[in-house]
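Naming follows writing order (A, B, C, D and E), and every chain is counted from residue 1.
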Amino acid sequence: MSFFLVLTVVLCAVMLGSAGMALYHKNLAATVIAAGLVSLVASIIYLILAAPDVAMTEAAIGSGLSTVMFFYVLKRVRGGENG
Amino acid sequence: MNTLHIIGGAVSILGALFLLLASIGLIRMPDVYNRMQAGTKATTFGTIMFLAGIGIASPGWIPKLIVLVVFIVLTNPISSHILARAAHFAGVPLADRSVTDKLAEHRQKAGDK
Amino acid sequence: MADLLFIIAGSIAILAGLLGLIRFVIGPTLPDRVVAFDVLTIISISVISLIAHLAGRVIYLDAAIVYGLLSFLGVIVVARYVERGL
Amino acid sequence: MEYVALATGLILVILGLYGIVAQRNIFRIIIGFSIFDTGLHVVLVSIAYLKNRTAPILDEAVSKGEAASKIVDPVPQALVLTAIVIGVAITALMLTFALKMYEKRKTLDIEKFEDLKW
Amino acid sequence: MVKKLVAIAILAGIAFMLYGLFASYTQKETLPKTSRYYAIKGPDELGSANLVTSVVVTYRGLDTLGEVTILFTVASIIGFFLRSRTKREARAENPRETSEILHTGVAFLVPIIFVFGAYVFIGGHLSPGGGFQGGAIIASGTLLLFLAQPKTSGGHTLITFVESVSGIAYVGIGIAGIFLANGFLDNRILPVGEFGTIFSAGAIPIIYSLIGLKVGAELSAILYKLKDAKEDA
């Protein structure tokens, strides 16, 4: 019953919850932020699993740059996104 | 060694309590602007305390922790400022209990829409 | 056992993160969610430093620095999107 | 805890695939793809983990001689490192195509694009 | 409705297969053969303290070259599909002004971010990090510049120049490895040096810096094109 085990269970639950939110929330911008949250939590899990390189990449790319790309496109399709 | 660990742990718990306060404020506050207030100021202080605790427990890590604290102190106010500004421009209403809105007065005076 | 106090501090921080997550889920407007996201990133910086301490590796802190620098980028992008200035 | 992470990764893969298959909005399909991607990375990293070992970086904590008995597997980590960058490149490509499709039809509904339907 | 049922049936099949994978997974006690070789021989052979770096840059260096090529192809395809707006169109657009706090903060932060990115990829053989992370950090810095000044356009030439030069130098160092050392992308064209110092591990810091510059330039180009895309096709 180590601390890391509890932390992993909590983080995995958060990750699954935000993945569900990313797939099913009505607001498109909220889904993008939820997908960013999945990456953010995933990078903490990588750090627990002793992979700091992967954690850094995921933090820089997964939750930083890809969120930005999604928002650049979301700005263009604003208004016609539903349907 | 052990004393340093105990002192550091106590300081870290203090910081973590500030983080908890921030989260409670995030839930209890009535509108975006108040939540932002709770969410950024308390977390900045709480994180600094937390990192200070870790620095006390292992003194060899202090240079990197100082870099981390400097980055947090630099970035956090900017993000909270621009978020508050964006919420105001996007027309998120203030809570009923708020009494002043200087930015709205200023924008009215400047003739902004 | 020497790290018990740190584990308690980490548990409090995780509790704070879960409370922040409630605001992330229910937040009525987009700025609410972004504020919650910001708070979650800062709490995760603390959690990463704690993991580094418990694992005894100073190199894990580099990941925390990347977090501190880049979490703010996402917040700025969403803010510019909300105020229609992107 | 590696079992927990492995199970989470596999569930994320299934969730992402369900998002890809079941959603109608192209934007949501791309988000499903990105979740699928993250799930695969979690699976690979958790397979690389060995019990009670630490990161494959040698410094004061891990000396050169005891490296083989103290570090986790570095090869899957290197694989994931490249996979993340390629994943973001592919996401950018899919977003570009989605943008062009939106400009042609003014909609993102995948059911409206039926030129090649049979 | 039928479609949804078919989809759920297929997913159930995939889920069953994945469950089989999960149930048959047993944890290893020791490293696999290849990784054991890398862990025992790697530090002495290549002089890199970060074993992930030695795998990415040298042992599996050709894969990294392929990956950089994929990034380059993606950047080219995006450039082919999205035409940028001209300068006059950029001026005609009217996004909301950025605030002065953001301007000042960005002017203060961007140099720090660039320096930190350089630290990440130059120290890639000692600490976590390397070309991809450093490149992503540098791309984030340029992105901050775009965000603070939405109306400016330019910098294309610089991005293209950095990308081409670092790509050519990367392949050139790889070919130099054929002649001066044992094979393509061998890092021992320079002395391996003392283990654990910044000037060690042969050519790994140079190769990783070049990868970092190239990845940073390519990610910046992708972001730039997505930002500047013209409205009409």
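FYI, a residue touches a chain if its C-beta (ideal position, glycine included) is under 8 Å from a C-beta of that chain, and two chains touch if they have at least 3 such contacts.
What you see is a predicted model; the values in this text were computed from it and never measured.
Undergrad: Going only between touching chains, how few steps reach chain D from chain C?
TA: 1
Undergrad: Mind listing the chains that sit against chain C and also against chain E?
TA: A, B, D
Undergrad: Grab the C-alpha centre of each chain and report whichever is closest to the global C-alpha centre.
TA: A
Undergrad: Name the chain pair with more contacting C-beta pairs, choosing from B-C and B-E.
TA: B-C
Undergrad: Per the centroid of Cα atoms for each chain, what is the distance between chain A and chain E, given in Å?
TA: Computed from C-alpha means, the inter-chain centre distance equals 19 Å.
Undergrad: Distance from the CA centroid of chain B to that of chain D, rounded to the nearest Å?
TA: Centre-to-centre distance between chain B and chain D: 31 Å.
Undergrad: From the C-alpha centre of chain A to that of chain D, how far is it in Å?
TA: One centre to the other, that is 11 Å.
Undergrad: Hey, how far is the Cα centre of chain D from the one of chain E, in Å?
TA: About 16 Å separates the centre of chain D from that of chain E.
Undergrad: Out of chain E, which residues touch more than one other chain, so two or more?
TA: 50, 52, 96, 102, 120, 127-130, 132-133, 136-137, 140, 143, 219, 222, 226, 229, 231
Undergrad: For chain C, jot down the residues that touch at least 2 other chains.
TA: 10, 17, 30, 34, 55, 57-60, 62-63, 65-66, 69-71, 73, 76-78, 80, 83-84, 86
Undergrad: Give me the residues of chain D that touch two or more other chains.
TA: As it turns out, chain D has residues touching two or more other chains at 2, 7, 18, 54-57, 59, 71, 77, 81, 84-85, 88, 92, 95, 99.
Undergrad: All pairs of touching chains?
TA: Going through each pair of chains, those in contact are A-C, A-D, A-E, B-C, B-E, C-D, C-E, D-E.
Undergrad: What does chain C use to touch chain A in their complex?
TA: Chain C residues touching chain A: 7, 10-11, 14, 17-18, 21, 24-25, 30, 33-34, 37, 40-41, 44, 47-48, 51, 54-55, 57, 59-60, 62-63, 66-67, 70-71, 73-74, 77-78, 81, 86.
Undergrad: Give every residue of chain D touching chain C within the complex, in rising order.
TA: Contact set of chain D toward chain C: 54-55, 57, 59, 61.
Undergrad: Spell out the part of chain D that touches chain A in their complex, as residue ranges.
TA: It comes out as residues 1-2, 4-5, 7-8, 11-12, 15-16, 18-19, 23, 25, 27-28, 30-32, 34-35, 38, 41-42, 45-46, 48-49, 53-57, 71-72, 77, 80-81, 84-85, 88, 91-92, 95, 98-99, 102, 106-109.
Undergrad: Touching chain E in the complex: which residues of chain A?
TA: Of all residues in chain A, those touching chain E are 52-53, 55-57, 60-61, 64-65, 68-69, 72-73, 76.
Undergrad: Within their complex, state which residues of chain E touch chain A.
TA: Interface residues on chain E, with respect to chain A: 50, 52-53, 120, 128-130, 132-133, 136-137, 139-140, 143, 219, 222-223, 226-227, 229, 231.
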